[in-house]
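Which chain is which? They are A, B, C and D, in the order written, and residues in each are numbered from 1.
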Amino acid sequence: MKKLINNPEEVVSEMLEGFVLAHPKQVKLVPNTSVIVRADSPIQGKVGLVSGGGSGHEPSHGGFVGTGMLDGAVAGEVFTSPTPDQVYEAIKAVDGGKGVLLIIKNYTGDVLNFEMAAELAEADGIKVAKVVVNDDVAVENSTYTTGRRGIAGTVFVHKIAGALAETGASLEEVEAVANKVIQNVRSMGMALTPCTIPAAGKPGFSIGDNEMEIGMGIHGEPGIERGEIKTADEVTSVLLKKVLDDLQPTQDEKVAVMINGLGATPLMELYILNKKVSDLLKERNIDVYETFVGEYMTSLEMAGCSITLLKLDNHLTELLDAKANTVAFKR
Amino acid sequence: MKKLINNPEEVVSEMLEGFVLAHPKQVKLVPNTSVIVRADSPIQGKVGLVSGGGSGHEPSHGGFVGTGMLDGAVAGEVFTSPTPDQVYEAIKAVDGGKGVLLIIKNYTGDVLNFEMAAELAEADGIKVAKVVVNDDVAVENSTYTTGRRGIAGTVFVHKIAGALAETGASLEEVEAVANKVIQNVRSMGMALTPCTIPAAGKPGFSIGDNEMEIGMGIHGEPGIERGEIKTADEVTSVLLKKVLDDLQPTQDEKVAVMINGLGATPLMELYILNKKVSDLLKERNIDVYETFVGEYMTSLEMAGCSITLLKLDNHLTELLDAKANTVAFKR
Amino acid sequence: MNFGVEQTKKWMQELNQRLQLQKAYLTELDQAIGDGDHGLNMARGFQEVVYKISIIDYKDVGSLFKDIGMVLLSKVGGASGPLYGTVFLKAANEVKGKESLETKDLAAAFTASLEGVKMRGKANLGDKTMVDVWEPVVAYLQGDQVDWDTFISLAKTNMENTEQLEAKKGRAAYLGKRSIGHLDPGAVSSFYFFAELAKVCKEVSQA
Amino acid sequence: MNFGVEQTKKWMQELNQRLQLQKAYLTELDQAIGDGDHGLNMARGFQEVVYKISIIDYKDVGSLFKDIGMVLLSKVGGASGPLYGTVFLKAANEVKGKESLETKDLAAAFTASLEGVKMRGKANLGDKTMVDVWEPVVAYLQGDQVDWDTFISLAKTNMENTEQLEAKKGRAAYLGKRSIGHLDPGAVSSFYFFAELAKVCKEVSQA
C-alpha cells in the first residue's frame, strides 16, 4: 500500500482537519464529529441540504459544501456509511427552521443510517425529507432488490437542489426538484485498477494487467463485465450506450454531461473520452448544454471513469447555471 | 500500460479536441495547431499571456486559459516542449497590440523553443517579453548549470500576472509582477509511483514497493533522495523545510500555500498533508493567507505531491484575490 | 440458566476476540461480493463495545444491551451498524431491568431483534443476508428444548447455506446471480455472534 | 567527393532507420538522466524529415538542408528539436545554392552548425551534451585529410566519453554528480548522425 498517510485508522479525521484548515472561510467542522458545514451555518430561512457517505470519494461530499450547493456533508469511515449520530449532528447543525433535505446515495448502509438519523431529528421537531440517488445503470433496476447504486450523478442533485434552496424555496419544493434530477440523471463507470482501503492495507480486488471492469462500483463492488482492456472510444461507446438506452433522451432534448475520473485517471484521458462522447451525442442530435470534466466522485486511487448524462428542461438549466461557490465546484 | 486512450501517438490532439468540445464558451483551438486560446482572443488593448510546455501536466496549462489568467497555452507532445512554430502561432493568436508575455518553465527545451518563437514574433513586429519560472528547490541553484526547474509555482505566476494584465497594465508591468512572483515562490515535490509516457509504453523509471523519491521532477526526472516510504507528516516536514530554508519568510509575512497532487494521489491524502503544513507554519508564526489543494501541475498518473509557498505582499494579495474564470481555476 | 451482566460481558469479549481474529477473513468475504469493509466495521465496533462496557458497572442486562446497541450504532456504520445496533436496542427493550436471563428471555429478546432487523432492512429469508442465519436460529431458540451444540451447528449450516443463494438485499444484490458461490459476510458474523453466545450459555447451563 | 541531394537523402534515410531501431535505447538513456523522450523525439522528427524530403525534388543541398531544419524545428520539440533544427538551418545558410559538397563544404557547414548549437544552448565542451561529440568531430573535419573510419571512431570515442562527465546543461544537469556514469542521449544521437554521414561519404569517395 503506497499512500501519503500517517495512521490508517486516522485518515478521515486528519483529512477533515486538513480540509477545514485549508478553507476556513468556506467551511467548518462541527466539533467532535465528522461533519463539515458551511462556515455560516445554520442559515435561517433556508432549507438545509445534507449529504454524505463513506469517505474515499473526495471531493464528495465536503467539497460541495457552500453557497448554492450543500449545507453539510457527513463523512463515514472509508467506503463505510456514516453512523446515524453523525448524520443527526449534521441535520441539527444546518437546520435554519425550514427543514432539512437528506441526499442519500442508494446503498443499504447509507439509507439505513440516514433514515435512523432522520427519525432522531424528527423526534426533535426538525422537518426532514429524504431523496435517494440511483443513477448507476450498470446494475439492473429491479423492484425485488435494492435497486440501482448512486454515483457521480449525485453531484448534479447537490447543484440543482442547492440552487433552488438558495432562493428560499420550501422543503417540499427542494425535495421535488431533487427527485426531478434523480429521475433525469444516469451514469455508468468502469475501472482499470483497484484501490486500497487504508485500514485494509491491500487492494479490495485485482484486475489483470490487460483487463478492465465495466460497471465497477465506486466502492470497488464488482461490475458487469470483466474483459480485455479496450480503447477509449470503445469504452465510451459501451458506457454511453447503456446510459442512453436507459435515459432515452429525444432528439430535441438537451443534456449536461459529466466525465468523472475515479482518482488516478489523468485529465488527459478524461478529455479523450469526452471527444468521443461529444461525437456520439452529435450523431444522435442530442444537444450538449454543458460538459463537466474532472474528479467529482472518486474511489480513492482507482483508475477509471464514469460518464453521466442529465436531461435538462428550462427550470433545471436555470438552476444548473445558478451561482455556486464551494471548494470543488464554483461558477 | 493501462490507459484510457486510443492511439498513443494521438493523445495530445485528441485531448485538445475533447477539451475545446467540453468548454466551447471559454476556449478555442487555433486551427491546425496545438494551441488553446480564450474564445474571445485576441483581446485588444490587453497584454497577452502565453504559457505551455510538454503535455501530461493537465490541467496545466490549457485549464488556466481564461479571464484573469492565460490567453493562450501551447501543448507539446507528452513531456516534450512544444516547437517554436506552435508557440509562434499562440503569440500571434493572442496579441492584442500591447505585446505578449511568455511564461516559461525552466527547462532547456522550453526555454529554447519559446526563445525561437519570440524571435519569429519580434521579426513580425510583435512585442514579446519572457519570464522563466524556477520554483523547484529540490535541485540546487547554480549559476554554472541550468538552474532550478519550474513546477507547480508556475500556476501562481499565471494567476497574478494574468490578474494584472486584465487591468490593462503594460507589458513591462506584467513582466515585472511575473518576475516578482517568481522571486517569491518555491516548491518541492516527491513521488510514490512512476508514470508512463503513452508512446513509450512503459514506466520511465521504477520505484520499489516500499520506496518513494524526494525531489522527483514532474517529468520523472530523478530526485534527490530515494528511500523508504515515510509517513505523510514526515514527507511534509522534509518538503516544507527545504522550501522554507530557501524562501526564508519572516514571522510577520503571509503566504499562499499550494498542495498539488501529481495525478494519482487522492485528495484525501493531499488534505492530510495540509494538516501538517498548517501545523508547521503555525509553529513558525507564518500567516497562511489562502490554501489551494488539488491537481494543478500533474505528471500523468504519477502518485505524489508537491508543496508550494508564495510570499505575499499587499499588491500580490490583491492580484491573487482578483476574479479568474478558467476551466481549472475560478474565483 | 443464569445469563447476566457478567455473562454478557464475557460473550462480548469472546465475540470481539473472534472478530479481531477473523477481521481479514470477513473483509475478504465482503471484497468478493461487497465493498470489503465488513471485517473492519465489525472489528471497529466490537472493540469499542468491549472498551465501553468494561469501564461501567451495569445493574441489569437491559441497560448493558442498550449501551452495546448505542456503541454499535455510532461506531460501525455501513449496513451492519444500524442492523447490529437494532439487534441490541430491540433486545434491550425486551429485557429491560432484568438482572439475569433465562433461555426464554433470550428467545424473546432476539425475536424482537430479528423483527427490528427485518423491519429496517426489509430482507426476507433467502435474500442472502444475516437474516438467513437469524431466522432459523431464533425459531429454534423459541422451542421448548435448547441444546447449545445443536444451536451452533444450526447457525453454522444456515450460514454455509448462504453460499448458494442469490443476494436480493444489501450491496451484494447489485451482483445478481454472480453473488452465488460466495458466503454472505453478515451471515458469517452472525454465526460468530450466536456461536460465542452459545458457548457462554453452555458454560452457564453446566455450572 | 560528390555529396549532393541524393547523398543527403540517403544519409537521412539511413540515419532515420538507425534512429527508429535505437528509439527504445535512446529513450532508456534519457530515462536514466532526463525525462525519457529523446528516442521518441528523434524518431518522430527524422521520420517526418524522410517523408517530407522524399516528395520534393531539390536542386541544391542548401534548400534540402533548410527543409530538414524546418521539419526538425517543427516536429521534434524538447531541447533536441531547436538544436538539431539549428544544425541544419545554419548549415543550409553555409552551402546555399550548392548542388554538390566537398569535404571542406561539409566542414564549413557543420562549423556553422556547431556555432549555432553553442549559441542557442550555451553549452561548452565537457558539459555532457551533444557538443561533446560535435566539437572534436568538426575540428577533425576542418583538417586537411579526412579518413571516414577515423571520423566514425572519433565520434564514437567522444560519445562514450560523455559517460564519465557531470552534466552542466540540459535536463541531466539537475542531477549534478549523479549524472556521472550514464551516456548523454544527445551525444549518442549525434554519434549516429555523424556515423551515418561518414558511411555515405565513404561510399562516395570510393566510387
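Note that a residue touches a chain if its C-beta (ideal position, glycine included) is under 8 Å from a C-beta of that chain, and two chains touch if they have at least 3 such contacts.
No experiment lies behind these values; they were computed from the predicted model shown.
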Distance from subunit C to subunit A - Cα centre to Cα centre, in angstrom: 32
Gap in Å, rounded to a whole number, between the CA centres of subunit C and subunit B: 54
Centroid spacing, where centroids are CA-atom means, of subunit C and subunit D in whole angstrom: 76
Chain-level touch network, classified as line, ring, star, complete or other: line
Listing of all chain pairs that touch each other, if any do: A-B, A-C, B-D
Contact footprint of subunit A on subunit B as seen in their complex: 2-6, 11, 14-19, 21-23, 55-56, 58-59, 63, 192-193, 209, 212, 229, 231-233, 235, 257, 259, 263-276, 278, 291-293, 295, 298, 300-301, 303-305, 330-331
Residue numbers on subunit B that touch subunit D, as the complex places them: 54, 76-86, 107-109, 112-113, 115-116, 139-140, 144-146, 149, 197, 199-200, 204-205, 217, 219-222
Interface residues, subunit C side, partner subunit A - complex: 27, 31-37, 40-41, 44, 73-83, 120-121, 167-171, 173-176, 178
